[in-house]
Amino acid sequence: MKILIPIIFFIFCLLFSSSSSSQTSMFEFCVANYTAPYSPEGYSCKSPEKVTIDDFVFSGLNLPSNTNNLAKTGFRTVFVSDLAGLNGQGLSLARVDYKAGGVVPIHTHAGASETLLVLEGNLTVGFISSDNTVFLKTLNPGDGIVFPQGLLHFHVNQGNASAVAIVNYNSPNPTFQYVALSLFSSDLASRLVTAITFINPSEVRRLKALLGGSG
Amino acid sequence: MKILIPIIFFIFCLLFSSSSSSQTSMFEFCVANYTAPYSPEGYSCKSPEKVTIDDFVFSGLNLPSNTNNLAKTGFRTVFVSDLAGLNGQGLSLARVDYKAGGVVPIHTHAGASETLLVLEGNLTVGFISSDNTVFLKTLNPGDGIVFPQGLLHFHVNQGNASAVAIVNYNSPNPTFQYVALSLFSSDLASRLVTAITFINPSEVRRLKALLGGSG
Amino acid sequence: MKILIPIIFFIFCLLFSSSSSSQTSMFEFCVANYTAPYSPEGYSCKSPEKVTIDDFVFSGLNLPSNTNNLAKTGFRTVFVSDLAGLNGQGLSLARVDYKAGGVVPIHTHAGASETLLVLEGNLTVGFISSDNTVFLKTLNPGDGIVFPQGLLHFHVNQGNASAVAIVNYNSPNPTFQYVALSLFSSDLASRLVTAITFINPSEVRRLKALLGGSG
Amino acid sequence: MKILIPIIFFIFCLLFSSSSSSQTSMFEFCVANYTAPYSPEGYSCKSPEKVTIDDFVFSGLNLPSNTNNLAKTGFRTVFVSDLAGLNGQGLSLARVDYKAGGVVPIHTHAGASETLLVLEGNLTVGFISSDNTVFLKTLNPGDGIVFPQGLLHFHVNQGNASAVAIVNYNSPNPTFQYVALSLFSSDLASRLVTAITFINPSEVRRLKALLGGSG
Amino acid sequence: MKILIPIIFFIFCLLFSSSSSSQTSMFEFCVANYTAPYSPEGYSCKSPEKVTIDDFVFSGLNLPSNTNNLAKTGFRTVFVSDLAGLNGQGLSLARVDYKAGGVVPIHTHAGASETLLVLEGNLTVGFISSDNTVFLKTLNPGDGIVFPQGLLHFHVNQGNASAVAIVNYNSPNPTFQYVALSLFSSDLASRLVTAITFINPSEVRRLKALLGGSG
Amino acid sequence: MKILIPIIFFIFCLLFSSSSSSQTSMFEFCVANYTAPYSPEGYSCKSPEKVTIDDFVFSGLNLPSNTNNLAKTGFRTVFVSDLAGLNGQGLSLARVDYKAGGVVPIHTHAGASETLLVLEGNLTVGFISSDNTVFLKTLNPGDGIVFPQGLLHFHVNQGNASAVAIVNYNSPNPTFQYVALSLFSSDLASRLVTAITFINPSEVRRLKALLGGSG
């Protein structure tokens, strides 16, 4: 039998060889090549022979993130810019840490739905629909929520203890657009901010000063 | 020859008859049946034999819309809820009228890009990217802009005359989420509004009173 | 308070900084880089720091287009090849001018639905479904129609005055395939044209001569 | 050991039972329920417990189709209207028979690409791009072509023998729009046909008579 | 001023009222109506006025799942069949518990990518590409992996302690197809199993007995 | 009249010229440029002026493929790696030959549905759903089946004669993942194979030796 095995093996190698060229597995996954052109659909693909397990593995989400900031929250993200193997796979995640009083201010993700799962502490989370209905809930560990795609939403730690959550997106690159930063950290002229939000000019100026905006 | 034509015609009728059932053209278009179940992708389809040209035709976009309101703007929409033939076709449009000082406050469309074309007057339009860069331009008749999908944007008529624009969306049902209405026309508790926007409580209360919110 | 502001600002800058690299906003929009490779989904993206408002703004749609041609119609297009910011945004538009008797001959767009809005004059527009039903309407200013994706359609100015329309597509690059040009401006052999259309050979030759075809 | 097996089996049954309800496999496939509402994406799904292998199996493509018609061609289709299991699967196929001189006249499929494989005889096939370039080839048995989505194309059997081909689509419901039938089997007014195609009125009338159109 | 507020409010209510009907927000989210027809794209939508926050909130992922089974693993799923608000949102999640020696046998998800994040213990995880390359890693708390869409993958707890992971999918309904159950819990005839896997008939019979299959 | 034709023709050339640049037809099809970057959506596009009919035409599917191997089957594929014109078109095909006793072992295609049409001989084909139901049928010439996307399936020639089938996919690049090769031709450690499949270690070693695996 021993003598036959190499022959069988040789024959077997022909089993799935076909008239096709050898490129057929190239789109099975598309690990990001950060230095090549990218398109609306994502990065160009790294050459398959350079792909390793490390392109798919991340670490560090057991560690708290830095919450020493105004919002008292911090993120550890695993987005396609952090992990090349997410390219073209349509999902990503992050760990969020909240000190007591920490907040993720109201924001949207242009092209992604989100789930949030509370690991520690409790969080008041909410989203608002386009008819201005508020969907609000305080979540405890093991609780979670789905934020529908594109709607304004927020997280607030109203408790006295810190909190931790895992958030997931159905996009490898969920962009965050924070309302407060868009309006008050930017150089959008204060009179325009008032016109498009109805907020008093003096309050706009105060917030621009607070959040580093100009104009 | 005349005698042959009916025969040829009869034969021709068999040309494209096949072994298929007669249902093959059903998905060519899917005019909305507003009374049947609907799914994330749109309404169920009206039975093809009930479809007429009127399911595809709209009118009235030559007429100004009502601008007697706080924002001094008005819309005439042609969305899938207005025109059944838009169902499944992936686009829609509207006419917008602006009095002098009229504004379309800052808002997003969850799943749609937009183009705006100025027909009369001039409009200052802008959008903000997620790194808080402002893209701003004053447009004259014949000018226009594309608003990238999901980003906060606004229109302001800073001129002394009224203005008219045509807006188009790559969705038959572009939802509008206005930041000011989400925050100040809703029943979201004022202290939460402050927490997630950094706006002073007194200003939040003023805006809630102005815009009809509670909480 | 004044002395605190820079500190607060410094702290705030950390608010939304995360463990992510700085590439997360790259796919928020994808302005076309016309000189890089392009894929079925569109052009490669211009480097974000080179993007300006001018990549998103177009002009000139207030001006009539040239209608001194056989069809007595003219187009001013705002497609992705004209406006880089349309890349990946899924929509585009054009202005169409029609002299009295002007026509946009029967054609299809391979992957796009279309809306047409009449601004001036009146237009007879129609499309044909695959069971050879004709959907036909004469439109006046402010009227419009949706042409379902992929179906043959046409516009005819049967009035005595010129007409103007705005057309919109749910693709940044709607290709136009005109039946008459495909058959009679090409080099498709006349006998093949007859075989696949049933049009008399002499008429095929006349149309090839008229429209510049050969074969 | 024998006595242990039922116990192990009982335990194993719990292996993949979870806290989820029992509905999780419902979208694995969606066999068409022809009597329920349908949407732009396809038919509603038949209840899973009523699905059998016969929903996925077709037959008869070894048999010639009827070619006794003006075009001398015939189809046996396996579209979603013929085979419920194709619903939501994104593909379909057909067998085409051509007598000597048989033709599949110039046509488009609104939302589908196509491959054609010649089994018997030879076929001249072609498509035309939107810049009026003709892509033409005569195919022998074992040869084939891909017709890009949405473009006008045709098949002609110029040989003296009959031919057979298998065509495949990346849609479960490829609609066929034949140019000649749209123009000449419909009730589109002859003067409009002339306006939008440049074909002489007398030829339009001849073709309307031949192909059963009116107007 | 006080007397004016109701008037302003009344006027403001007209701000965003348009000529559109009131149905425009219907597709903003599509909470599953489990009793209505469903399509390849998901369930029909519950009527918006019946939607509450509870359609979007889940709980219990802090609790271990039952691991008293052959595989020594258990799942708590939050799929669309568990949480109606996930319908149409394109994502879902689950908690997985593993006793020492626990395993999630090799399996695929037909239409979903997956991320796995280890919360407790350590897990050896792997996937195999179509050229039979194994991508393997042992993960500790805070580590994770992305499993590319459609590829065979598995989790094994090779440690001496129990482990916990959170898994996320970019589908609201990720179906699980376990190789061992497909082959050995089904009624696929043993000789066919041998033919399509090369596994010895006696081993096939042993596994069928172990896993409850027949044939 | 003759003297007018050149003038009319000249004028006509302006008919469809517009204010657009000349790039508008670039995405009509996207023939693969194998040497440029590729993305999750496919290859970059070859420059249109280099595209010829030969980019769309394939041949040789009338010829049997090599079945001198362990599985007694052979493939002739027409995938995007074989035919550049399939890029972005969403479909592909292959011819399969089976000697008596030939088998296409159980496998999945990560992102593609499949149809199989028997041309010669008979084939027993089957797929298994995620609740371990087997859908099985023996097909004769002219019969066929649709394999739902992502599910495990197989073909076996149980007859005494050779068989031939045509298979089609709704992807230009259907990857094949064979269960037996993933487990036994790879270097996945035998004890892990046993853990994730329940197959006896001795049988795993036998299969690794047979199929060329290690570990």
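Per-chain residue numbering starts at 1, and chain names A, B, C, D, E and F are given in the order in which the chains are listed.
Simple rule for what comes next: contacts are C-beta pairs under 8 Å (C-beta built on N, C-alpha and C of every residue); 3 or more make two chains touch, one makes a residue touch a chain.
Since we're looking at a predicted model, the values are computed, not measured.
Peer 1: Return the chains common to the contact lists of chain B and chain F.
Peer 2: A chain counts here if it touches both chain B and chain F, which gives A, C, D, E.
Peer 1: So which has more C-beta pairs touching, A-C or E-F?
Peer 2: Counting C-beta pairs in contact for E-F and A-C gives the edge to E-F.
Peer 1: Comparing each of D-F, B-E or B-C with D-E, which pair has over half of its contact pairs in common by residue number?
Peer 2: Comparing each option in D-F, B-E or B-C with D-E, the repeat is B-E.
Peer 1: Where chain D and chain F touch, do the two copies share over half of their residue numbers, giving same, or under half, giving different?
Peer 2: Same residues, largely: of all residue numbers at this interface, over half are found in both copies.
Peer 1: Between chain C and chain D, what is the separation of their C-alpha centroids in Å?
Peer 2: 28
Peer 1: Measure off the straight-line distance from the CA centroid of chain A to the CA centroid of chain E, and report it in whole Å.
Peer 2: 19
Peer 1: Go ahead and note the Å separation of the Cα centroids belonging to chain C and chain F.
Peer 2: Each chain's C-alpha centroid was found; their separation is 34 Å.
Peer 1: Indicate the residues of chain A shared as contacts by at least two other chains.
Peer 2: 25, 28, 37-39, 41-42, 60, 110, 129-130, 136, 148-149, 151, 175-176, 181, 185, 210-211
Peer 1: Touching pairs of chains, all of them, please.
Peer 2: Pairs satisfying the touch definition: A-B, A-C, A-E, A-F, B-C, B-D, B-E, C-D, C-F, D-E, D-F, E-F.
Peer 1: Which part of chain A faces chain E closely enough to touch in the complex?
Peer 2: 25, 28-29, 52-53, 56-63, 78, 83, 85-86, 89-93, 113-115, 117, 119, 127, 129-131, 135-137, 139-149, 151, 166, 168-170
Peer 1: Which residues, counting only chain D, touch chain C once they are in their complex?
Peer 2: Chain D reaches chain C through residues 103-106, 108-111, 124, 126, 128-130, 132-134, 136, 148-152, 154, 156, 175-177, 179-188, 192, 195-200, 203, 206-207, 210-211, 213.
Peer 1: Which chain F residues qualify as touching chain A in the complex?
Peer 2: Listed in rising order, the residues are 34, 37-42, 60, 65-66, 68-71, 73-77, 79, 81-82, 94, 110, 173, 175-176, 178, 181, 185, 209-212.
Peer 1: Under the touch definition given earlier, write down the residues of chain F that touch chain C in their complex.
Peer 2: Counting only chain F, the residues touching chain C are 5, 8-9, 11-16, 18-28, 30, 33, 36-39, 41-45, 87-88.
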